[in-house]
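Two complexes, one shared chain (chain A), two partners (chain B, chain C).
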Partner chain A sequence: MLTVKKISKAFGPTRALIDVDMEIRRGEIRGLIGENGSGKSTLASIIAGAQFADSGSFELKGKPYAPRNMVGAQNHGVSMIIQEMGTIPGITVAANIFTGRLEEFTRFGFINMKAINRRAAELLQEIGAGDIHPETLINRLNFEERKIVEIARAMVANPDLLIVDETTTALAQRGRELLYRLIRRLHEENKSVLFISHDLHELMSICDTITVLRDGIVIDTLEKEEISVDRMRSLMVGRELSGSYFRSDYDGSYSDEVVLEAKRVTSGILEEFNLELHKGEILGVGGLSDCGMHELGRVLFGIDKPITGSVTLKKNNVQVKDPHVATKNNMAYVSKERDREAIILNASIKENVVLPSHRQLRKVLGLITRRSETNLTNKQIETLRIKCRNGKQICNELSGGNKQKVVFAKWLGKESDILILDCPTRGIDVGVKAAMYKLMTELKAQGKSIVMISEELPELIGMSDRILLLKNGRLQAELRRSPDISEKQIIQYII
Partner chain B sequence: MGDKLKRYAINTIKTLILPVLVIALFAVLTGGRSLSKRMLLVTARQSVMPIIISMALVGNLTLGMWDFSAGGVVLSAAIIGGNLMKLTNTGTAGLVVICLVIGVVMTTLTGFLNNRLRVPTIVVTVGLVLIYETIPRLIYPGGVTITAKYTFLASSPYCFIILAVMFVFFYLLYNKTAYGHNLRALGGSREIARSAGLKASRIIQTGFSISGIFLGIGAVLHISTNGQLLTVSALGSVPLIFEPMMGVFLAFFLSRFCNLTIALVVGTFTMTALTNGLVALGLPATMRSITSGLFLLILLCISGNQARIIKWREDRKRARMLDAKHNT
Partner chain C sequence: MRATAETIDIQEILNRKARRKDLLRNIIPFSGLVFIFVFFTVVTQGKMLSSSNLTNLISQCFSVTIVAAGASFVYAHGGMDFSIGPSCGVAQLVAALIITRSDLPIWLAIAACILVTVVTSTMVGATSAYLRVPVFVVSLCMRAICSGILTVGIAESDIAIDYARFSGFNSEVLKAVVLLVVIGVSYYLFEYTSLGKYEKAMGGNVVTAFQAGVVVKRTQIAAYTLMGLCVGIAGFFQLTRTAGVTGGSGSGLEFDIMVAIVLGGFPMMGGSAARLRSVIIGALTITILSNGLVLWGLDYLLVNGVKGLLFLIIVAITYDRTNQNQMNFTSA
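Right after this comes the complex of A and B.
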């Protein structure tokens, strides 16, 4: 289907891709893996016409192929679901799906909105999201539904090659199944998929072959029978990783001291929810995407005011009324909607990292020295292995996973006591994920408390002292740390 | 179907409530004087030009760009157009054509510079307004006077016919062309719209050029209403776009209940009715400005927080219900 020949791409001094060769066959589902910043998104977006290579060429279905933009690529049969792209606010679902293609529906200069809506409805129906209405204003949809609209947008031109750049981590159960079904269908229709993900188990179960990138170089391509999680992991990182990934202990103990308490909290779907977070506890919160767990995170940090009940910091009996109170009392919050809520894209890594720590960095006369800022930033870049030129690089230029690391670094630098983490490891590669888990374990040992909201069941099972499972805004089950918890068991509670 | 009809009716009432309130208020304050048929007609007639100018502004505002030069374009098209009309002896038809051409040429230039200079639109247009004001001062320092014979377009019913034509034009442009939809997509998110293949600079350029059509017609109405116009300097033309600007703000608010085109008409008309009402009360110009400003502020405040107020009330209700359940 597609032959990639000697593609190279550099951003200033950063060499993102170096002489990449690759061949994707018809009907093949190709996985593309690599550490954060290894060049996966760059390669994908060059194939999809969103960026240009410095050198090299493509052949598509036997003919030379050099897309000038994404629409051009789509017309050749190549579509991409972009990592963290999002939808256009203020317009309808249908208008989002057909942005850039409206001219195809015009006659005598006038646009046929009816036809567009009809076509959008068909498309959504086809991918199994018939419940999303094309005329709805996109702002009315939740995060996952908007992501599904993006999938529909990629399917508009009926692609022969679909590129999926880390879409699954933004999706919960329903969206994932929808995407898997779609990929299977494409496979059956003898079309190809290039699938980028950091979830090695997921990759194993859906891909036929897997290409590994490291620092812009293709390291290896594994055929079906060669694929194993350990193999992928070591190829990506370039060294053997020790077996344990999550915490190895099954101790699950924590202090009796309650540090944060939510009492009868109601907000959105969440109804009269109670929660006690202890000193030195990692409290996992899981469920389907609309079960109320993301709302819970927001309420705990004071972003949303609860309709009933309250959130209290036990130590000095302060009510968490707004994020200001929360940060003042050493709380931290990592939002799921990274690019919208958690990071300032136009600012440098340093500016992002030091943002919540200004009070701590203050020296004589309340001034902050540049040196202390730089030191803090460099320490974080090192701990989390943020791939960048230096702390002054603008976050917009970072790869997806490295942006997420900046968000994490921001709060780590502040030495927070209570961390509310909503999908903290989203889009982060295995190596750094392991480092983050280790960090969390260390934080726990230091007596810090963590609420970890997650859609990744292995992570919940692997890291939590206690897991709260939510369904329709209510507590469905509470599980204690144990080696016996299985994903199956959890799914039974939350579905 | 009944539901749809009901919602439609409610939305219509919500759309019209503002102008009705404003008119009613002044009717009370003036002891019914402002309610006379003649006075209402005057207000309607006077709102035509600002409405058409608001149609010129709204496209750029959708993209978050302020065109401060619009007033300068209207004034210079009117002065140059009026003089050229006399010179070429082409009558009212000539006036319309010349004003349209000047309007489109000037806004096309604005759009071009805006795309090329890569400085914020507000900087570009503030610079340009000074230039656009100066051009007629250089060529026709005495301004322009046209004879009553050629000013009939500003009178009823002609001004309303013009409004109707521009209304239909704007409606089709905004709702029924790919351009209108692309504009809104671009206004929603430049980055995503671009990656979907929309050419931002082309859409911006088109938007500016089209705004020239509205400003050209605005110029015709401006000279026709006044008969005589003097040149201005130092941003003296900016007040021309105050009312339309406020009209656009109101329209963005009203567009929740009705189509944006209708919202523009209703919104700008409301602003004109307010100004006229204040004149009828005999308020001096400064007081009128203050009152209009306050009116807009209060209104936008209420509208901006309306959703929150509604949510707050619903939340209270839910809290009470939960509390009641909890206590039993």
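Right after this comes the complex of A and C.
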């Protein structure tokens, strides 16, 4: 289907791809893996026409192929679902799906909105998301639904090659199944898929072949029978990884001391919600993406003001009424909407990491020295292995996973006591994920408390002392840490 | 990575290219300043450097630079203020009235002058923060109010003050000292304290700043207050130099500031790329430009037109359009 020949790409002094060769066969589901910043998204976006290579060429279905832009690539049969949020705010679902192709619906200068809406509805129905209405404003949809709209957009031109860049971690249960179904269908129609993910188990079950990138170089390509989780891990990282991934203990104990309490909180879909977080506890919160768990994180940190009820820090009996109060009392919050809320894309890594820590760095006359900022940043870059030139690099230039690390780093640097983490490991590679879990376990041991809101069931089961399962804004079940909890069991509660 | 000779060579070339680009970006505003200075010195056959013009140049630089230093805090978080010209006029009016109609000491006149602009600017910032009205709208309203007050104040006649009595304020030494202090303090606040860093963070992404614990409204208002302070200082010196208040007092200040901002390479929408040094360079450039154009023989009344044109050209070239939606199509 597609032959990639000696593709190279550099961003300033960073060489993202070096002489990449690859061949994707018809009907093949190809996995593409590699550590954060290894060049996966760069390769994918060049194939899909969003960027240009410095050198090298493609052949598609035997003919030379050089897309000028994403719509051009789509017309050649290549579509991509991008890693970041790619919907355009302020317009409808249908308009989003047909961005760049409106002229197909234009007669005498008028756009036939009816036809667009009809086509969009059909398309959504086809991929199994018939409940998303084409005339809805995109801003009204939640994170997962917006991603599904992007999936629909990728399917507009009936692609022969679909590129899925790190999409599953942005999706919860329903979205994932929808995507898997779609991939299977393409496979049956003898079309190809290039699938990028950090979830090795998912890759195992979906892909026929897996290509491994490291620092922009193709390290190896594994055929179906060679694929194993361990093999993938060591090829990605370049050395053997050992030890357990999640916590190894099943001692789900924590102190009796309550540090944070939510009482009868009503906000958004949440209704009269109660929660107690203890010292030294990792509290998992799970559910479907619209169950209210993301709202819960926001309310706990004082971003949204609850309509009724209150959130209180028990130690000083302080009400968390806004993020200023929260940060002052050593709380931290990682938002799920990374690019919109959690990171300043146009600022450097240093500026982002330092932002919540000013209070600690301030000296006489409010002085914050360059050196103290640099020290703090460099320490975090090292701990989380952020792949960058140095702390002065602008976050926009980082790979998806490395942006996420910056967000985590800024709260880690502040040494917070209560961490509210909404999907903290989204898009992060296995090596660093393991390091993050280890860090969380250490924080617990130091008596810090963590609320971990997550759509990844293995993560919830593997890390939490206690799991709260939400459904339609209410508590559905509470599970204690035990080796017997299974994903099936959890799904039953939340669906 | 394979450390073959070839890959090392390529890496070396890329590094060199990146360094050159960095250097270029840093010196362009500087070289613009130097170029304009040399250009006008040559075309005016050295009149630019005559001692009387240099004195002129210093006092013109003085007000624009001081106000620009304060305005950098506002522009850093993505704000703006169209009212500073007229409010500077009102401040001068109040000071002139105190001087001519009462026996109150001079320092009170100075204090009143500064207080007026501090209050008007703070009100612009606070109104927009608390009532959630775009600052663009609020500052236009404030501009209209101040213009009105100024017109009424000089309705009977322009107000003149005794030039000789205030000649001390026209000494270049005093001005140089005040200028250096203002720039020094602003530089410190802007580059080395939370205030400046928070303003830049807000310009980059307000939501992120808010979630990191920045008190967004307070920080926004502080920037306006600081700018008001600078406008007041500049206003009083302007009053003593022109020795009176007319309908044109302070006018054009907001526009000079905006041109200074873009000329120096300060991002119009604020954010992390904002540097105080850019504003200062921009302020110097715009003053030398206006001064040079007049010396060269351009009608004084046309100078504003030329500035407007220049502003448009520079904005068109440098405006950062990446914040808009087309960005979202390319993955990172």
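By definition in this document, the second predicted complex is superposed on the first by the 494 of 495 C-alpha atoms of A that agree within 3 Å, B and C clash if a C-alpha of one lies under 4 Å from a C-alpha of the other, contacts with A are read in each partner's own complex, and residues count from 1 in each chain.
As a convention for this text, a residue touches a chain if its C-beta (ideal position, glycine included) is under 8 Å from a C-beta of that chain, and two chains touch if they have at least 3 such contacts.
These figures come from a predicted structure and were not determined experimentally.
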item	value
Which superposed partner A:M70 touches (first chain B, second chain C, both, neither)	both
Residue contacts on chain A - larger count, chain B or chain C	C
Chain B versus chain C as contact partner of A:A50, first or second or both or neither	both
Which superposed partner A:A347 touches (first chain B, second chain C, both, neither)	second
Partner chain(s) touched by A:R118 [first = chain B, second = chain C, both, neither]	neither
First (chain B), second (chain C), both or neither touched by A:G12	second
Contacts of A:M85 with chain B and chain C, given as first, second, both or neither	both
Which of chain B and chain C A:E103 touches, first, second, both or neither	first
Chain B versus chain C as contact partner of A:R480, first or second or both or neither	neither
Common interface positions of chain A, toward chain B and toward chain C	50, 70, 82, 85-89
Partner chain C, residues of chain A touching it in the complex	10, 12-15, 18, 41, 44-45, 50-51, 70, 80, 82-89, 165, 215-217, 301, 303, 323-324, 326-328, 333, 335, 340-348, 351-352, 354-356, 358, 362, 365-369, 394, 396-400, 403, 410
Residues of chain C defined as touching chain A within the complex	1-2, 7, 10-11, 14-15, 17-18, 21, 192-195, 197-198, 200-201, 204-205, 207-215, 271-273, 325, 328-332
Complex contact set, residues of chain A against chain B	50, 69-72, 82, 85-91, 95-96, 99-103, 105-106, 109-111, 113, 153, 264, 266, 271-272, 307-308
Chain A partner contacts - residues on chain B that touch it in the complex	172, 176-178, 180-182, 184-185, 187-189, 192-193, 195-198, 315, 318-319, 322-323, 326
